[in-house]
Every structure is written in structure tokens, then in C-alpha cells.
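Common to both upcoming complexes is subunit A, partnered first by subunit B, then by subunit C.
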Partner chain A sequence: MALRAHLNIAGPAVLVLVLMIAPLLVPTYWVMILSEILILGLMAVSFNLLLGYSGLLSFGQGAFFGIGAYSAALMLQAGYTNLFLILLVGMLLALIIAAVVGFFSVKLDEIFFAMITLGFGMLLFSIAHNWRDVTRGSDGLPVFVLPTLNFFGAEVSFYSPIHMYYLVFSVVLVAIVLLWLIVHSPFGLVLRATRENKQRVSFVGGKVNLLRIVAFTISGTFTGLAGVLFCLFNSMATPEFMHWSFSAKPVIMSIIGGTGVFLGPLFGAAIFFFLEQIIIRFTENWMLFLGVVLVLIVIYFPQGVLGTLKSKLLKGEPK
Partner chain B sequence: MKSDAVLRIDNLGHDYGKFKVIENISLSIGAGKLSALIGPNGAGKTTFYNAISGKFPPTRGRVFLADEDVTGLPSHRIVDKGMCRSFQITNIFTHLTVQENVAIPLIIQQKKHFKMFGNAFKNGEMIHKVRQVLEQVGLADRGEQVVANLAYGDKRLVEMAIVLARVPRVILLDEPTAGMNPEETENMIRLIKKLASVSGTTFFITEHDMKVVFSLAEKIYVLHQGHLLAEGTPEEIRSNTEVQEAYLGRKVHA
Partner chain C sequence: METLLLNTLNGLSWGMLLFLIAVGLTTVFGVMGILNFAHGSLFMLGAYLCMQSMQIFHSFWYGLLIGPLCVVAIGVIVEKYLLKRIYGRNVSYQLLLTFALLLILDDGVRMIWGSGYYVVEPPQILSGIITLFGQNYPVYRFFLILLGPVVGIALWSFFHFTRWGKTVRAASFDNVMAEGVGINVPLIYTGVFALGTWLAALGGALAAPLQSLNPSMGDKIIIQSFIVVVVGGMGSFPGAFAGALLIGLLESFGTVFAGRMQMAIPYILLAVILLFKPNGLFKKGV
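Our next item is the complex of A and B:
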């Protein structure tokens, strides 16, 4: 009990501290990699609300990421530069579309759920790809002016990678704390119950489909937020965010890190990017080696890297 | 038609395609009674249960809970109306702890299943209620254990606790002792007897184990090839020749 309690408090505290001082210690290039890890990590953690906590494998998560990104790019092009407005509108649009997609998808399970979400994702991808008047198609939408923030009277811009990092870090931190609260709430517990046994939930009075729609919508909303951040970070929204191969990223990250641990997907994102950075120094074909590493992880870390390490460390500790 | 029955079934029938699995079942169960539905395998017991508990709507007939028509309602609505069931194959939340298993129906009953903040177990009232239910089934010392690690008999008790947590007026138990060893069976019989005597809850169980049925039920309904063959007290059923023939597998003469 003691070890688990210590780990649950000290772990996140140390992580936040390290992430806060990291930009002062590593070169700018790595600050940018860290920003990317945090953004994709947020996407993976919100995706895992479905895979890990609801037992639903969504293969269309990229669509909501793209909606957030396009919403930010279009607003900035139209001259709206209020940071909070851009974050909120991106989340709101993702929320609405996720609620609609969720409404049609949650009645299905397993591979059928994966296929219908993939289908919706590709439908939205096609819109982004082919509606050239608005999205400029495969060229993507560039962003030239970034929003600014009035920080206690001082005007803060985000053109420097360090400023961008702290913006990403703050938003991701707030989002992850909110997701943590949701996962540990009564809603989160009932959601895990639907993952275990949806029939039993329905036979004690729970509305399984409604619970799933809400989970899907929350997941899509936070993924949309990650998309907004990525558009600001990347200064570009492109249709590739909404392609099914992009939707595979949070799946891979969650499985690498561990779907049974709240921060597992964030660790998965970190491992994913570190591997990419290391392998790419030696060969262009980094996906080949990612494949090899993925196979090894699935075999030797059945609960994901963080999940397996945690359960090894806490072996014999009561739950 | 007003009646003091807490559960009343009128002319219930269900078809799978052209095959009439159950047909013309009418019965009426008074409040606080412990009744049993028996019948050889394939008699239609589970189909009957599924049709009245909202797993699927029955093809024909009506189901009333204390005079309110609940025919064809989805399962979660029927639970809200006061009838909750167990399943023949243990139906619980395997990778959650025992207390979480019990907290889930309580959270749903209190309409807190869309509450996004706060922890269910930081609430003193919730802890107290979970403990009460676990004490009823004798699992109070197992609260923190993950259900997957429990013995089979204890898993069946967890399902009983899940059902009890909703404090239903009518509890349907589908073969509550299926797969249990003699000691676990004994224990379950004692538990059902105790619950029925103190709570005023109406129990309606299906069983194929005659010993269990005769030691528990005040009233027995016999289902045979989808029809109600007989109903009565255990003594009446025991001495009914038609029932004996049905169970021995001989042809029943009408």
C-alpha cells in the first residue's frame, strides 16, 4: 500500500518537475521534440479513455485531431488571435463532431467499432483533402501569425520554441489533470465496468450507449485540443492528420506505454519519439525498426512498458 | 385488473423464427414470496427470463411489475422499475475489486454515473452502503480483492451482491447454484433463505437442481417444452405424476 501510494504521488510530481526544467537543460531541437511528445501524448491519453477505460478501439482519432488543427488554422487566417478563443473553439468543434460520430459508432464493438470509426475518420479526411477552397487540399493550411497571450500585463508571443514549449506544457498539464479526474470519478468507474461487462452494467440500470457516447465525446474533445496545439506548434494544418495512418499513432503509443496505466500512453509517446530520433540517425527506414521494437514490447511487456514495470515493481502489494 | 401480485405474467410467448420456445405462460407472484421455475434442460427457462428481464422483448404477452406494464422495456429501464437479475453464467466485473463491483450499481442507482469529479470511495455514505451489501452476502473482508482472484463460489456471491445493491423489489436468479460444489450450494441456499426471510424482497429463481428447489421454494412452477405444466407447493409438485413423467423423459399424456 505504502509503495503504491508513494509511487502514485511522487511519480507525477517528479515528472512535472522534470518537464518544467527540461527546456533549460536540453538543446532547442530537443525542446521541440518534447513539445511534440506532450501534444501526441495528450492525444494518446485521451484516446486511451476509449481503448484502456472503455475497451473501444477507435481508429478515427486523427479526425478530431485534424478538426482541432484546421479550426485553429482557419481562425488564425481569419485574424482571430485570442489564444483561449482558439483553444475553446477547436475543442468545441471536436466535441460536436465526436458526439455525432460517437452516436453512430458506440452501438458496435471490437473490430466493427474500429472499422466504423476508421470509416468516419476517412470520410472527414476526404473532406479536408478535397475541399480545396477552404482547406487548400493536400498543400495544407499554413499559419503565419501565432496567437499571443497577455501574461500579467506583458504580451507573450510563441514564436520561440521555448515559449511554445511552455504553452504546450501548461495546456497539456491542465488537460491531463482533467482527464485524470474524469478517469477516477464515479463516471470513470462505471466506464471501466462497461469495458469489463456491458451486459451487467445494463442489467443494473446503466445506459451503456449513453456512457460510451459521453466517453467518446470527451476523448474527441481532448484530442481536438491536442490538434489545436499541434497546429500552433507546427504552424500548419494538413489533411494527413486525419488519415487513418495518423490515427494509428495513439494506438501504437498506448500499446507501447500500457493501456492499463493512466500515464502509459504518454510514456508510449515519449518512447515512440525517442526511438524515432535515435534510429533515424542510422537509417531512413525507421519504421522497420519501430516494427521490431513493437514486436519485442508486445512479447516482453504484455501490459506495455509502464504497465509491466509498474506491476513488477508493485508485485505483492495489495491493490 | 388490480392485483396484489408484485410480478404478473400474462400469456407470455416467445419464438425463435418459427419455433415457439415458450407459449401461453401466465403466472402471478405475490410480494415477499420465494418461487421457483423448474424444468428439464431446454424447457425454455432462460428464454422466459430473458424475455421478462429486458434482454429481448417477448413475441407475445405482457409483463407487469406491481400492475405497471413493463413489457418490452430495455433492461436498464426494468431495473429502474425494481426488477434485477443474475445470470446462469457468472456475470460480474472480473478485473475490478469486490467493492467496486458493488459500488457500480449503487452509483447508477444514485444517478451519479455521469458525475465526472470526485471519487466514489471518498464518500462515507458509499463506503457504508458497499459494506452493508458485502456483509449481507458474507464478503465484507474481501472488499479490496480483485474479483478475478476469488474462488468460483465467491464470484457467484459477488453477482448476488451486485443484484442486492440495487435493492430490487423482485430478484430473478437464473440457476444461482450452477457449477457450485455441495458446500457452496449449501451456503447459497442458506443465503437466499436468509435474504428472503428478512428483506421482504420477492425472489423468483430457476433451478434444475431439485434438492435446491425443494429446500427453498414456497411455490414451484414447472416448465416443460415451453408450456407451464404444473404449479403448486413443493408437496403438490413432488406428487404430481405429470411432472415425474416430464423429468423421467417419458411422453406426457394430455
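Our next item is the complex of A and C:
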């Protein structure tokens, strides 16, 4: 009991502390890598609300990421520079589209769910790719002016990577705490019940489809938020965000980190980017290497890195 | 009238190629329950190895024979050492393992042959053009249109009239029962995966003279084959045929009536089928 409690409290506290101090100690290049880890980590954690907690494999998460990114890029081009407005509108748009896609998709299970979300994702990708008047097609939408923040009377801009990092860090922290609260609420518990046995939940009166739509919508909304952040970080929104190969990223990160642990996908994102940084120093064939790592993890560590570590540490501890 | 004919022929030849690839995918799914993300990469590998064998033996036909067989050897190793370990595991692990294979194969090809384009010439007898109703049309595409049904009928006969084929169908119907009456199910799985791999690679070798070769040529085809398999019904043979022709024709006619948005049509079709007829247009039956 003691060890588990320590891990659950001390782990996140140490993590937050490290993430707060780290950018002051590492070179700018790594500050940017850390921002990227946090943004994609948020995408992966919200994706895992579906895979880990509802047992639904979505292969179209990129679409919501893209909607967030495009919404931010379009607003900034139109001259809206209020940071909170940009974050909120991006989330709201992702929420609406996710609710629609979820409404249709959650009736299906397993491979069929994966296929229909892939289909909807690619449908939205086709729109982003071909609606050139609005999205400029495959060129993408560049962002020239970043939003500013009035921080207790001082105007803060986000052109420096370290300011951008702290913006990303604060938003991701709040989002992750919210997701944690959702996962540990009664709603999260019932959601896990639908993963274990859908029939029994509906026998005792649970509305499985409604629960799944809500989960899908929440996941899409936070993925949209990650998309807004990425657009600000990257100064660009491109159709590639909505392609299925981008949607595969949160899947990969979640499986690497472990879908059974709340922060597993965030660790997966960190491992993904660290590995990439190490590998590209030696070879251009990062994808080949990633493939080999994935094969090893799927076959030998199905619980993921963090999941395996946790169950090793807690061996013999009562639940 | 001319454009109608031209679009029909284009749609049919692309559809037949798609059929070869999708039929392998659907057979593997029907028997083993695995949706192989790397199927498009096996297609791509088939094209490259065909090209490589052609450079060695100076004949398209040797390339067509040897290229796909080399890919089958890789497929057998993959099944025996990797896929075997994840049968019965959650769908996400299966998709992810085959996705990892896709990454390895795509990047492996890029490492060996580079990311540039290669062009393969069709053999002498198939390289001319035929004039039909005043329209010129490449012989090679007619060859594909004729070959599709031949392969389809051969496969269908194999599964329905031979002892081996019937054994495979028995194993896909109920593998525990099949094992119980003495059928070597693991061997069948290896065989079926080898067959699926061969079909994908054959499709690749056949596609080589039609399009230029590059390491990501499998990425478009895998998504289209997924759509074909879902639309036709997962594991269904006639479904794969009908679905492939439908997607092929939609691809060639789509540009006529939808312009740039033609790209979205297959995905809309996919969603509509999954929502209203989740088992596909044709019932399951390997």
C-alpha cells in the first residue's frame, strides 16, 4: 500500500518539478523537443481515454488535432490574437466535430471502429487537402503573428522558445489534471466497465453508446487543444496532421508507454522523441528502428514501458 | 462517349489490380482474423523485387515469377516468428505489429534502393496500343483487365474444389474443431499468409509497368484495399471482387463529377457501408 501511494503522489510531483526546471538547464533545441513531447503527449493521453479506458482503437485522432491547428491558424490570420479565445474556439470546434464523428462511430467495435474512425479522419484530411481557398491545400497555412498574453499587466509574447515552452507546459498541465479527474470520476469507472463488458453495463442500465460518445468527444476536444498548441509552436497548420500516418502517432506512443497507466502515453511520447533524437545522429533510417522497437514492445512488453515498470515495482503489493 | 469508355477501362484495370491485393488481405483476415497493415508494403516490395529480378534476368516474366516468390519467403518468416505470437491478442496489438512491419519494410526498401523513382517497361508483347472505337489504349491495361478474373476464378476454384482449399475453409470456420479432427492449423495459417503475401507481391509486380516505383507506393493502396475489404465484407471473396471494381470505377469516374473532392468519395462510401451494412455488401464466406 505504502509504495503504491508514494508512487501515485511523489511520481507526478517530481515530474512536474522536473518539467518546470528542465528548460532552464538544457539548450534551446531541447526546450523545443520538450514542448513537442508535451503537446504530442497530451494528444496521446487524451487518445488513451479511448484505447486504454474504453477499449476503442481510434485511427482518426489526427483529424481533431488538425481541426485545432487549422482553427488557430485561421483565427490568427483573421487577426484574432486573444490566446484564450484561440484555445477555446479550437477546443469547441474539435468538440463539435468529435461529437458528430463519435455519434456515428461508437456503434461499432474493435477493427470496425478502427476502420470507421480511419475513414472519417481521411475524409476530413481530404477536405483539408482539397479545399484550397481556405486551407491552401498541401502547402499548409502559415502563422505569422502569435497571440500575446496579458500577464498581471505585463505583455508576454511567445516568440522565444522558452516562453512557448511555459505556455505549452501550463496548458498541458491543466488539461492533464482535468483528464485525470475525468478518468477517476464515476464516469471514468463506468467507462472502464464498458471496456470490460459492454453487455453487462447495458443490462444494469448503463447507456453504453452515450458513454462512448461522451468519451470520444472529450478525447477529441483535448486532442484539438493539443492541435492548437502545436500550431502555435510550429507556426503552421498542414493537412498532414489529419493523415492516418499522423493518427498512428498517439497509438504508437500509448503502446510504447503503456495503455494501462494514466501517464503511460506521455512517457511513450517522451521515449518516442528521445529515441528519435538519438537514432537520427547515427542513421537516417529512424522509421526502420522505430518499427523494430515497436515489434519488440508488442511481443515482449505488451503493458508498455511504464506499465511494465509499475507492475515490476509493485510486485507483491496489495491493490 | 469516348471519355466514358476510357474511364471505364481505366477504372476496370485499376480495379482488377486492387482486387488482387484486396483478395489477399481479405483471405488473411477471413482465416487468421488479422488485418494486415503491412499488406501494401508487401505489394511495394513485390514491385521492387520484380524490378530487381528483371535487371538480373532481363525478362519481365522472370521478374513476375521470381520477385513475388522472394516476398513470400519474407512473409513466411514474418508469420512464423512474429504474427504467430499475437494470435488471439487484442486488435490494437495486431494492427500495431503489422504497422511496425510497414515501417520496417518501407524504410528497408528506402535503405536498399533509395527514395528515387524507378520505371519498369512492360514486356514486348504487352507494350503496344490497341485502337478501340477510334481510341488508343495500352495493351498492358487490357492484360490486367483479363488477368483479374482469371486469378479470381483460380482462387475461388482452389478454395471450393480442392482438398487443401476445403481444409483451409474448415480451419477458418472453426479452428479449434479443425485442430480436433487432425488438421494442422498452424501450418494452414503459414500457408494462407504465404498465399496472401504472394497475391500482394504479384499485384506489385503487375503494377510495376503501370506506375513508377517508390517506397511509399504501398501507402495509398493499403487504405484503398482496407476500403475494398470493408465494403465487400471482411473475408468475402466475391465481395473483394465487387468492392475492388467499385472503388476502381469510382476513382476514374469520380474526377468527372466531383473534381478535386473525388478523393473523399471512397471514405464516404466506407462510412456509409460501415453504418448501414457493417458486414459489407456480401456475406462472409472464404
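Couple of notes before you dig in:
The criterion applied here is as follows: the second predicted complex is superposed on the first by the 319 of 319 C-alpha atoms of A that agree within 3 Å, B and C clash if a C-alpha of one lies under 4 Å from a C-alpha of the other, contacts with A are read in each partner's own complex, and residues count from 1 in each chain.
In this text, contacts are C-beta pairs under 8 Å (C-beta built on N, C-alpha and C of every residue); 3 or more make two chains touch, one makes a residue touch a chain.
Keep in mind it's a predicted model, so treat the numbers as computed, not measured.
Looking at the shared chain after the overlay, A:Ala193 reaches subunit B, while subunit C stays out of its contact range.
Of the two partner chains, subunit B is the only one touched by A:Ser185; subunit C is not. In the superposition on chain A, A:Leu309 contacts neither subunit B nor subunit C.
Of the two partner chains placed by superposition, A:Leu88 touches none, neither subunit B nor subunit C. Of the two partner chains, subunit C is the only one touched by A:Ile116; subunit B is not. In the superposition on chain A, contact is made by A:Val204 with subunit B only, not with subunit C. Residues 35, 82, 85-86, 89, 91-93, 95-97, 99-104, 106-108, 110-111, 219, 223, 226-227, 230, 234, 260-261, 263-264, 267-268, 270-271, 274-275, 278 of subunit C are the ones touching subunit A in the complex.
Those residues of subunit A whose C-beta lies close enough to touch subunit C in the complex are 51, 57, 59, 104, 107-108, 110-112, 114-116, 118-120, 122-123, 126-127, 129-130, 132, 244-245, 248, 251-252, 255, 259, 285-288, 290-292, 294-295, 298-299, 302. Looking at the complex, you find that subunit A touches subunit B at residues 181-182, 184-190, 192-193, 196-197, 199-208, 211, 214, 318-319.
On subunit B, the positions that touch subunit A within their shared complex are 53-54, 74-76, 79-80, 84-85, 87, 91-97, 100, 103-105, 107-109, 112-120, 144-146, 162-163, 165-166.
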